[in-house]
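Order as written gives the chain letters A, B and C; numbering starts at 1 within each chain.
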Amino acid sequence: MIKTRRLSKFFDGNHALDQVDLDVEPGEIYCLLGANGAGKTTLINILLNFIPASDGKAWINGLDVAEHPLETKTHVAYIPEQVTLYPTLSGVENLDYFVTLGCGRRFSRDRLLELLEEAGLDRAAADRRVAQYSKGMRQKVGVAIAFAKQAKALLLDEPTSGLDPKSANEFSRLLKTAADRGVAILMATHDLFNAKQTGTRIGIARSGRIVAEIGAREIGHADLEALYLDAMSA
Amino acid sequence: MIAVIAMRDFRGFIRDGRLPWLGGLALLLLIVSIAVGWRLQSDTAAERAATEEKGYATWVGQGPKNPHSAAHLGMHVFKPEPPLALFDPGLEPFAGQTVWLEAHKQNDFGFRPAQDATGLRRFGDLSAAYVLQLLAPLILVLIGFDALAGEREQGTLRQLASLGVAPSRLLWGKALAIGAAAAALLAPAVVLSLIALYQAAAVGALADNLARLGWIAIGYGLYLGTFLFVTLAVSAAAPRARGALVALLAIWTVATIVVPRAASEAAHAALPTPTRIDFMNALGVDLRAAQNKALEDNFHVKNASQLPMEEAPRALRVDDHAGYVVFDKHYNGLWDLFERQRHLQEWLGLASPLVALRGLSTSMAGVDLAHQRSFATAAESHRRLIQDTMSDNRIAAGGSEAYNYQASPELWAKVPPFRYEGPSSAEALASSWPNLVTLAAGFALSLLAAVVAARHLRPF
Amino acid sequence: MTPIDASLRAPSAFFTILRQELVLLWRERSLPIVLLLLTAVLAGGLADGLQRIDQKDAQLAAIAAEQNKQWDTIATMLKAAEEAKTPTPYASPRVLGLSPANRSVSLPTLPLAPLALGQSDLMTNLLRISGYSEAQFLYDTDIENPWRLTSGQFDAAFVIVFLLPLLVFGLSYNLLSAEREQGTLRLLLAQRVSPASLALGKGAARALALAAPLLAAPLAALLLFRPVADASALLADWLLWSTLALAYGLLWLALAVLVNSFGRSSAFNALALVGAWVAVTLVAPITLNLVVDTIHPALSRAGMIELETEATDESARRNADLDRVDYSRKQRPADGAAPPSAMAMRGKNMQKEISERLRPWVEEYEARDQTRRDFVDAFRILSPAAAVLEGMSALAGTDADRYARFRLAAAEFFRDKTERLQSRLESGVLVTEAEFRAAPRFEWSEDRPILLLRGAWSLAQILVPTISIAAIALWRLRRIPV
């Protein structure tokens, strides 16, 4: 579903991404672990066609992201680290706008409220202006957008950073539900614990390369930490 | 400490390219404007002097002629351009520059230089005053908008606060840096103006013109100082640099673009200028009445045709003198109206220091209404001198030949060439000190605003 | 996942964004504030224009009424004298030239005049044709406080040329940068929206909002307060005028989009836009003015005065023997012919001689003036502000060009009149009522195609940069920094 081959990106001669081959299949939650500057966000930016790749190719649902920038976006949903919404609009109005743009059609208000509820936002909050939302509440609107699009692929950039443990836990459960429905999820994070808990597969990125890849169930938490530190210092 | 802050900021202006670019552009415009003004002024002055001289020569060389016809030839006199007009042309482009001293009637000023210009002239004239009035405050805004708001946004304001830098010191340091940047731009303009002044001013008038330049410098200093402290006040109060910039640009637009025009239009709508037709009709009515009355008082007749032929020269003189009173009434009324319009405009324009600055600058440069009026008055008395000289000659010659009397050519030289000396700088100041007060008050208010805003400076 | 027809998606995204933008701008108050400001300054500008043009119209109407009255009075006297077969001084040929009914010629204002006052405060719509020469026309002005002329007008054209761009900036300087700064841009572009359609939707929302008062207010003012003689002509003029205003607004909007495509901060965008505005509206026109004055300087008026004094002196010398009053001469013309008085002949001779002497100067002045205007017409493309102001003034009939054409027409009338009169005075044949009534009067004939052409030329000069900037912006918007 999410696939890259020899994907590279140079900034002023530095490799932000270096020949990355990645496959995330439906139902998988692929956690990309790495320190700041490891190339996680660059990868997501290329998958969203925000920046062009210097070399190599990337596909979503079999479509080349650079050649079909708009079409691929009907299949992919993206939840940034900070889901920022229009502060003067309510949660449901924000959802309405993004969903209309994402799906090309309007949803009924009831359906929008349903989506928000599914994402864990209660009805009372849905009509309040987003200016008063917590980070977790805004993130739920982001999830509702992904649900509404019925996206086949989900890109997440540090989704749990800054969330309290309870919200982070709730969020992980939501992701698992999505994966169970057959969504391919790529999550960039530097939270080992969360990666181990949520992911089905874990990749470790360093200096633009994926230096290790391992099934989440195949490894204990302590081992993962050792592997990560090892990969970082190598 | 203030100097340290100022030095850092000044270096910042240079490094981020703002000062070199903006300053370079402003400096270029200033130098071009002064150079152009200089050249234009010397050309015009020479040409006008030559024309006036030739006109006088024609007058003197008329040969034997009826003095009445001679008075109809009259002469054209030009308003001399004051040396500082090269700094601020003021009303010159839009006020008539010459007047025809003709028999029987006081003529209006003709020839507004802007009449010869293309429609582009309406965008303004490139002069040092234009650059300093419009562009210099904008440059202050663009250099200073993020002085405090930017530091807050970057987080460096917290850092400075934690080091124990008092907000007032920060304010003075910033003011010093921006002020120095502005001074770096202004210094060449002042030097150029001084050189031009030395070249252009007549020897005796140099001291007076230096005094005028001094007052101009004080006026522009207060004006730009007002913008400097308003900029710092807004920058201190605005939460973000972006907001500070937008607010300051709005203030600049209102103060320099909107208010001066709006105040002028409102003042003239409230105190409308008569149309030429109305003015001339009213003048004509009064003129006829006054002349008929004079005729009746002096000769006890209702109509000039009832007079014996020999009385014609004396009647003409009586007629003219009756006219002087009426001309004075109407033209003084018009000048007074202009003056009232200007006063109202200045009251309405209190919202912008530019209105007051223009008043002061044009007055000190010798290109305002008062100077125009002083010249008009001098020109009119010269016209009356011509007229009376001609009439007296006819009366002295006796009225037997009536209109057909021919004066000898010596008569023409009895009229001296027109010489005019404008009001002194002290007189100019006497009429424009309220503007100076307005500017000083504006400056004090802006300073107060900046100090208060700095006292309430939030570091984040 | 329902398949979606790709062809229907782009417009729907466009309209979704457009609708959303209007809501957002309204909620964050910037739209109501800007609309209120625009409406207020437009209303002020229209009021100012209407007031000024009304005053002008009243003056022209008063003159016309007075002249017609005098014309009628003289004609009536001639008629009475003819019927009574008594001689009258009004039958003298001089009446054809010197009657007060023949003192000035006037240029009517156009329906759109209040929208752009142009040169109407500086140039007069009344030229005196009683002077010695056409050079008189270059003197004639209305009485006006020079302060007012220096301060400039506050008409609708001023509002559009100077203030509209700033209001456009107020709404659009952070068109994309605000989304980037608040973080919504990433989420937005992760949807099926291209940066170009995002910018187009946002731009269209602003354009629509601003266009409403821009189109409605001037039209309302025209229909309510101006005489509508020819509705279709008025609408055509208004349409072209409004298109100019809109194109100029779009130019600045396109520039805002372009500046936003660089992905810099909102503060940088505001700075860049204001810099461009200063360059285009403040610096470029005065620089162009300076260039035209250097390359094609206007003919010196001092030179004209010199020539005029010289010509008057020489002509007075040549006609010195006519400078006398024949006190024995009968005042009333006898039946048949009225030999003109020496003074009348002197006046006519001098008028002819001086005007002929000055004519080459006046013609050269006008030719130079034309060259200067042609130069500006061509090079004002460098300053869209100048182009739009001139175009609006052309359509309003207040530009220097129309006043120059008026001077030329008046000069032609003046020459015909002087020549007619000269020969008639010499012949001394008395004037009849029928002849007096049929005497040629000055009639201004409007050259509408020229007005429309000048307006269209300005429009073309605005559209070139507008379309170029929009094209560059769209090209840059293929991908923007997120």
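Throughout what follows, contacts are C-beta pairs under 8 Å (C-beta built on N, C-alpha and C of every residue); 3 or more make two chains touch, one makes a residue touch a chain.
Here the structure is a predicted model, which is why all the values come from computation and not from measurement.
Enquirer: Using C-alpha centres only, name the chain that sits farthest from subunit A.
Expert: Result for max centroid distance from subunit A is chain B.
Enquirer: Taking the mean of each chain's Cα atoms, which chain ends up nearest the overall Cα mean?
Expert: Given all protein C-alpha atoms shown, the central chain works out to be C.
Enquirer: What whole-Å value do you get for the distance between subunit B and subunit C if each is reduced to the mean of its CA atoms?
Expert: Computed value for the inter-centroid distance: 26 Å.
Enquirer: Please work out the Cα centroid separation of subunit A and subunit C, and write it as a whole number of Å.
Expert: Here subunit A and subunit C have centroids separated by 61 Å.
Enquirer: Could you give the separation in Å between the centres of subunit A and subunit B, each centre being the mean of its C-alpha atoms?
Expert: Centre-to-centre distance between subunit A and subunit B: 68 Å.
Enquirer: Two or more other chains touching the same residue: where does that happen in subunit B?
Expert: Residues of subunit B touching two or more partner chains: there are none.
Enquirer: Of all residues in subunit C, which touch subunit B in the complex?
Expert: 41, 44, 48, 51, 55, 58-59, 62-63, 118-119, 122-124, 126, 138-139, 141-154, 158, 162-163, 166, 170, 173-174, 265-267, 270-271, 274, 278, 281-283, 285-290, 292-293, 298-303, 305-306, 309-310, 312-313, 316-317, 320, 323-325, 327, 369, 372-373, 376, 380, 385-386, 389-390, 393, 399-400
Enquirer: Mind pulling up the subunit A residues that touch subunit C in the complex?
Expert: 45, 48-52, 69-71, 73-78, 80, 82-89, 93, 97-98, 100-105, 142, 145, 150, 152, 155
Enquirer: For a test of understanding, state which residues of subunit B touch subunit C in their complex under the given definition.
Expert: Result: residues 29, 32, 36, 44, 47-48, 50-51, 54-55, 58, 62-63, 65-66, 69, 73, 75-76, 78, 90-91, 93-98, 108, 110-126, 130, 134-135, 138, 142, 145-146, 241-242, 245-246, 249-250, 253, 257-258, 260-265, 268-269, 272-279, 309, 334, 337-338, 341-342, 345, 369, 372, 402-404 of subunit B touch subunit C.
Enquirer: Any idea which subunit C residues touch subunit A in the complex?
Expert: Interface residues on the subunit C side: 1, 4, 6, 8-9, 12-13, 16-17, 20, 23-24, 27-28, 182-184, 186-194, 479, 482.
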